[in-house]
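In the two assemblies presented below, chain A is common to both, partnered first by chain B and then by chain C.
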Partner chain A sequence: MLPNKGAQAGSTEGITNSPKATNRSSEVISVVRGYIARDLLQRIDLKLNDTVRLIEEGFLTSLQTVDLVMFLQHHFQVEIDPEEVNEDNFGTLASIAALVESKLDE
Partner chain B sequence: MPRNVFQMIPHRLGERKMAPNPLDEIETSPQASGDFSASSAPVHGQPDQHKVELATFEQGLQEQVFNLYAEVFGAAASSAFRARWRWAQQENLYPQDTYKWVLLDRNRVVGFLATIPLSYSIKGATLLAHTPCDYMVHFSYRFYGIKMMREFFRATENCVTCDDVTATIKVTQWLGAKQAGMFFRYVKILDGRSLGLHEGWERVPSVLWSPVTRTVRLVDRLRWGVMGKRDTVRPIDEFDQRFDRFYHRLSHSVPITVTRDVGFLQWRYGSDSPHAGRGIGVVTEGDGELIGYVIFFLSGGPSYIGYILDLQVLPMDNTEVAMALLSYAVEQLRRNGAWSVRYYHLASPFTIPDRLLRWYGFIRRGAHRLMVRFRDNQWAAIAENQNNWNYSYGDSEASHASK
Partner chain C sequence: MLPWSKVSSMSKIRYPEFTVYHLLLNTLDSNRDGIAIVDAGRGYSYAELGKQASSLAGTLLEQGLRRGDRVGIYLEKCWESVVAILAVAQSGGVFVNINPLLKEGQVHHIMANCGVRMLIADSAKLQGTSLPAVEATLCRGADCPPLSWSRKVMALSEALEHATRHPTATSAMENDLATIIYTSGSTGRPKGIMWTHHNLVAGAQIVSTYLENSCEDRVLSVLPFNFDYGLSQLTTMVRVGGTLVLPRSLLPGDILHSLRQDAVTGLAGVPPVWTLLLQNRRSLARQPLTHLRYITNSGGMIPGTYLEQLRQLLPQTKIYLMYGLTEAFRSTYLPPEEVHRGPACIGRAIPNTDIWVVDEEGRECAPGEVGELVHRGPTVAMGYWGDEEKTQAVYRPNPFAPPETREADKVVYSGDLVKRDEEGFLYFVGRRDELIKTEGYRVSPQEVEELLYSIPAIHEAAVFGEKDPLLGQRIVAVVSLKNGSHCVPEEIRELCSQKAPHYLVPRVIHLLREVPKTATGKIDRSRLRHEYAKGQD
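Now for the complex of A and B:
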């Protein structure tokens, strides 16, 4: 797991397409996938792939999205502005991971 | 009032609980299968995420909004919503400041959020603050409720909302509102039949409730043999200029309050309001000036709930007059057939002490949270302190749905 922003920022700076960045992306997705299935939906059997449409399929309501944002902020030590909570950034696990990674790289 | 801000749905106090809150968490995923390892193909009837847009409400969308309300809350609630629309949205005190938004999937209305602008007096200054109201989102579009609430907080300077829905409160807090205080609901049983409405008690034979009713009435008489004073309260039919003078004194006694002048009272409890059938009781001084008033309302069946919508006294620690007004309202509601009475209470130096409510047989049952967001730090500091507030159930959007 990615414990915090500080631990990751130095290791991935400027190499977003490197294997390390890919590994980090996979790890972020894994964390988010686990949180949505286990904590938000309470369905540990749920298998979400990276591109399943979380909004269209009804996995994220307003409340669940706010819970997810709070989790991301706490877990990854990043700040997510309400303006960034939109269908582009929260549409799929991959897009959420991209948002988190962009924050970790800041 | 969902929410409330969110329910901001006739989320709100009491009856609003009867309707589903679009912000409530779904208990299960809408998908029956647990396997989403395969990429999903577009599904007919589901939202196209890039087509759901926020727009300002236009009159031509009104019928669609009514239909959405019926779909989300049911036909009966929609009728009440339709009946109060003109009063709440077009002929309120600040129609030019009454913002309304819709969510559109192409041309279809899938979400709606309105506002109630009210004037507040804060340390002598007068500010406008908005309350979100009649929030609703079609079940399939619940993610997009955030768009409307974000716009609400962006468009308004100040916000006051009173809600009991966890989802509403959480989203509101996330968008910047702070909890100002707990707005407790106190209930007093007048008729044993009201107990029979509770889950698990339906099978108790109704004949057994009569002794409960008689006992409560007897105990209330004994209580008032001790307290007295109830006969100092006089009924009146309309709000007159004395209420303006009373409010002028009130606003100098309390740090923050709704501007409850005669204009507000005539609109809020006027002939077009949901509470046109309200009763008013007043206590006056020798010169006829008000030293207190109470406004109350009886809902229809099957629960016959009486509501204390507003109760004010001056000076504000005059608990003898406050209890006389409360007792008067309870008695009037009892005579008119109320099975129970609800009094919502934000504890502060300007309200009846909790111990007196309990002594009079009121039991605390649930609470709402008063949430505020004032852009100016000076006003925010005052508004975020429960001890500064004078707030009544009738001030809340939630009360609009109490019928």
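Now for the complex of A and C:
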């Protein structure tokens, strides 16, 4: 029986992609990068650059992005409207972080 | 009374629709300034489409393209990918759409398998690749990389503006191969299905007839062009002079934005598309999509709960449930007024087509009996490229024709099990090779999936059988849960047991984050069976 990965959705342990993170933006990016690589793609060694086109280059499917949205809402305690789930906001790690930060500032 | 504009366009003499090029030619006559394509917010007219397709066709011919040569199109869905399809068709070549998500290994297989002679591709996708040798490559976007395997490398943008010396007519006729569509089967590497111009044109005629398409339609293109169902939105819109809207992405916000912004009238989807659209249920309830005239589903049965939600949220929209397989494009559709018959109902034969339900002895089944769906009509494709054995297994002589015409009259044996009710409506039962035989019962995976989808916590479900010494086969389910939901396999089994007899309840349940899909978005049951079934059967 495979474990249900959803049970670990809130955890960020084991993410070490940005050891020099000094500000909130790079922290958000590191959490999102870790979730995509470890939970969604199950490719722990994948190094995703902040500006890589996640959807266009086929790293994330649309359905996986919906999963990511649920995670972000839970982890950061923010609300993301489905209409905001678009290429502008979810095209890159940097744009996702910008969206989350704008929510945290509200 | 019809409005004058319609009368006048109807009275015009149209070219006989022999090839894909003739569909475009007619629309250039009737709706030259109409918008053909909306890409990244910009509209392109049919006049522009005709002009650029002619320029590109001319370039391909100047580069030595011969009638029947295969041309690979490995582009993101965009304006140029539409021009490329029509240009290759016009030039007399055979277009081979390659899913832009495919990587080097799979692209290599397709190009080598059908002997691609020229390639039209995104520059960025070709960086550092080693693909089979081609005569010429036309690159879209800056920085055409040097390609050791391509004799010539040119910029697509220049070919589109190129003043051609070649005539704009086409050398193709309707029996010529127009496209090869690669599709994944249950075994082996993708196989190419050969479609003639006649197949494509007949498909566009049939579909635009029952969907009642006109030049007023604006259809959102969410499915890839390398999928026959996705290509159909393009051919039908070109035929009627309507508009094809290319969305920015398939993310829920972008789909909804396109539907609203471009006042889309038609949307064709596979089941995962409805999952994405329904993320917006609150917005849809608040502000209904009043322009959306129809939606169509094919490529898998839509879960009953989604169908109900779509009917509620889109009360003015006609819902067409359809059935087809790439070997014969489209077989049946359910008229929207019959949609209450439920998601398993696939309706009746499309126009100009015979659909039979045939038992193992080759006789037509009585109502209620389960048999194989057999298709006869003008969309029956030519067979599998380079695979005569498989072609003969699927494309067989018409069993109901007199002996004198039987051999010449090829029909498609679908491998899908269906049954017909007393009124003549067809119901999907399952893939013949996926039917589960457990405890002496014949169980279709779809029936168990429907049962699982009736549990609110379940997001996606796929079911198959694995060998069991006692039961013959036992039912295995792979499911993902909706976020925020918690449910253990024991609870799922308990909920199933409350609603169904024990032989329909999965013995084994795997919980996954997401149920794997094929490149065209269908649940990949054969991959699941391969990965999770302990005893193959």
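Throughout what follows, the second predicted complex is superposed on the first by the 84 of 106 C-alpha atoms of A that agree within 3 Å, B and C clash if a C-alpha of one lies under 4 Å from a C-alpha of the other, contacts with A are read in each partner's own complex, and residues count from 1 in each chain.
As a convention for this text, contacts are C-beta pairs under 8 Å (C-beta built on N, C-alpha and C of every residue); 3 or more make two chains touch, one makes a residue touch a chain.
Source: prediction; values computed, not measured.
Q: Quick one: classify A:62 as touching chain B (first), chain C (second), both or neither.
A: Both partners, chain B and chain C.
Q: After lining up the shared chain so the two structures overlap, which partner does A:70 touch, if you call chain B first and chain C second: first, second, both or neither?
A: Both partners, chain B and chain C.
Q: Of the two partner chains, chain B (first) and chain C (second), which one does A:46 touch, if any: first, second, both, or neither?
A: first
Q: What is the contact status of A:82 with respect to chain B (first) and chain C (second): first, second, both, or neither?
A: both
Q: Share the list of chain A residues that count as touching for chain B in one structure and for chain C in the other.
A: In chain A, positions 55-56, 58, 61-67, 70, 82-83, 85-87, 90 sit in both the chain B and chain C interfaces.
Q: Along chain B, where are the residues that touch chain A in the complex?
A: 6, 22-26, 28-31, 34-40, 42-43, 46-50, 52, 137, 140, 142-147, 149-150, 166-167, 170-171, 174-175
Q: Mind pulling up the chain A residues that touch chain C in the complex?
A: Answer in residue numbers: 1-7, 9, 39-40, 55-56, 58, 61-67, 70-71, 74, 81-87, 89-90.
Q: Note which residues of chain C are touching chain A in the complex, please.
A: Residues 76, 101, 248-254, 256-257, 272, 275-276, 279-280, 282-283, 481, 483-484, 486, 489, 510-514, 517 of chain C touch chain A in their complex.
Q: So in the complex, the part of chain A that touches chain B is made up of which residues?
A: 41, 43, 45-49, 51-53, 55-67, 69-70, 82-83, 85-87, 90-91
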